Amino acid sequence: MAPEVFVHPQGLCESASVGAGTRIWAFAHVLRGATVGRDCNLGDYVFVEGGCVIGDRVTVKNGVQLWDGVTLEDDVMVGPCAVFTNDRFPRSPRMAAVGARYETKGWLSPIIVRRGATIGANATILPGLEVGACAMVAAGAVVTRTVAAHALVHGNPARVAGWVCVCGGVLAAVAGRLCCPLCATPYLEQDGALVAAAHGDA
Amino acid sequence: MAPEVFVHPQGLCESASVGAGTRIWAFAHVLRGATVGRDCNLGDYVFVEGGCVIGDRVTVKNGVQLWDGVTLEDDVMVGPCAVFTNDRFPRSPRMAAVGARYETKGWLSPIIVRRGATIGANATILPGLEVGACAMVAAGAVVTRTVAAHALVHGNPARVAGWVCVCGGVLAAVAGRLCCPLCATPYLEQDGALVAAAHGDA
Amino acid sequence: MAPEVFVHPQGLCESASVGAGTRIWAFAHVLRGATVGRDCNLGDYVFVEGGCVIGDRVTVKNGVQLWDGVTLEDDVMVGPCAVFTNDRFPRSPRMAAVGARYETKGWLSPIIVRRGATIGANATILPGLEVGACAMVAAGAVVTRTVAAHALVHGNPARVAGWVCVCGGVLAAVAGRLCCPLCATPYLEQDGALVAAAHGDA
């Protein structure tokens, strides 16, 4: 753990792999084997299990539990009480009928959240999925399929509802062009994906 | 903090504005700048950020995170693990592309929960909304629009499903009149709103 | 509390009724009057109220709050941040209009989760319901009706989506027969319920 890491007196940090400038708040718990990058903020009651990998400048709001198999790339935002998973067929590993399945890590289905994406408050992400770069999972959504880069999804199960800008603004179509109402960045939709447009593109 | 405030030995209270008779339980955390009224009950793992305002006789069940911009008026009930928000376009404030937006509080969208309302267990309230007096947000609902006083809403997104009494009973229509099955209080629906009726009203 | 119970230095166990081999992790809180069986695992931030009854070999993942009136039978799995309830008409008990209702336990509606069932991550269970043996409540589901044994339910409100095996596999119909794709156990559907089939059954 870098000397510049801040751990609240009531927080627990057992990992040696936490980057400089990262802050770990009260009742948070970072386990041995977890990797956390630089300049992150882990709120109260955030739990990071061994095997979880977190990039730089990631914000994890209060109450989020991050399991083995979860990767959050740089600049990700995780809203309060968002929930991650890693087991497609969860049973109590202590039950005799399934004990063998839990003897190895074969049951583990990873989740990856790409650079700059947002997982909204109280959203749920099912195991084995990817949330694309700069995607926005709305608050309360239950994500059951992989989410494309820059897509906005909401509902249970989550459905695509639009596109979002790097800055988080929901794109509006103006004269046949997609544009961010917050920062005026123009985009184009090509083959079902969103791409940045030069300002002069028609 | 009034001398009659109870703080569990494992709770943290850093606010000087907590009313008499309020109890703050284990692993709860009330920050400096938070305002909490009299005779409240804040369960385990409840977090109250600076800027949050809580009235009198409010019950906040375990695991609820209350942010700057959230106001809970008197007699409000917040069920376990209900989730509040305050940012319509959430991105990690540490990401270079959005850092400027987070330099002031311009990004903050407040939520107000009016007197006597209930936010059900694991419900999610989106930013910028009001939940009306004595409204009832059902467990697991995702509230995306302002909720009228006395309205019952459920689902994702939350839809109006009926009316509720001050006491929480779901009103039933009996001979063209609305009446609470729990306490027999009569109500009238006028112009899409619920109003108390004198017992003799037709 | 049996001497073989492990309580993390930052966990709190105030119950004398916790079985041998059970582990209680950081910031978990088991209250006096709670009953917990043998060989259970209660994760970080798990809260067990007096009156809650937990069987043997039960796994409760992080952030789950278990109330008076909740029973988890043997071998149950509760995913992270799943939410239980026990009040059909929740209001702040400190509000004058409803104080009398909370003077006795008449308001309390119990929940029972039968042997071997799974409550998925961030699912919500409404009061007064039963989740049948080996049922599987999907992540993010909001359960508003009793769930049959071996049923898979998902959505808000939760709907039946299939059948699951004791081991958690989702049954597939092969040549008119139901079979688990994970462990090959055959089942029959009879009168709307699932029953184990001998391997030779047609």
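Chains: A, B and C, in written order; residue numbering restarts at 1 for each.
Just so we're on the same page, a contact is a pair of C-beta atoms (placed from the backbone, for glycine too) under 8 Å apart; a residue touches a chain by one contact, two chains touch by 3 or more.
Values in this document were obtained by computation on a predicted structure and should not be read as measured data.
*Asks:* Counting shared numbers against all numbers at the contact of subunit A and subunit C, is it over half, same, or under half, different?
*Replies:* different
*Asks:* State the superposition rotation angle between the two copies subunit B and subunit C, fitting on C-alpha atoms only and giving a multiple of 5 degrees from 0 to 180.
*Replies:* Nearest-5 rotation angle for the superposition: 120 degrees.
*Asks:* Where the centres are mean C-alpha positions, what is the separation of subunit A from subunit C, in Å?
*Replies:* 27
*Asks:* Could you check subunit C for residues that touch two or more other chains and list them?
*Replies:* Residues 27, 45, 63, 81, 122, 156.
*Asks:* Over in the complex, which subunit A residues touch subunit B? Could you list them?
*Replies:* Contacts found on subunit A: 10, 26-27, 39-41, 44-45, 57-59, 61-63, 75-77, 79-81, 116, 118, 120-122, 139-140, 154-156, 166-170, 182.
*Asks:* For subunit A, which residues are in contact with subunit C within the complex?
*Replies:* Where subunit A meets subunit C, its residues are 12, 27, 29, 45, 47, 63, 65, 67, 81, 83-85, 89-95, 97-98, 101, 122, 124, 126, 142, 156-157.
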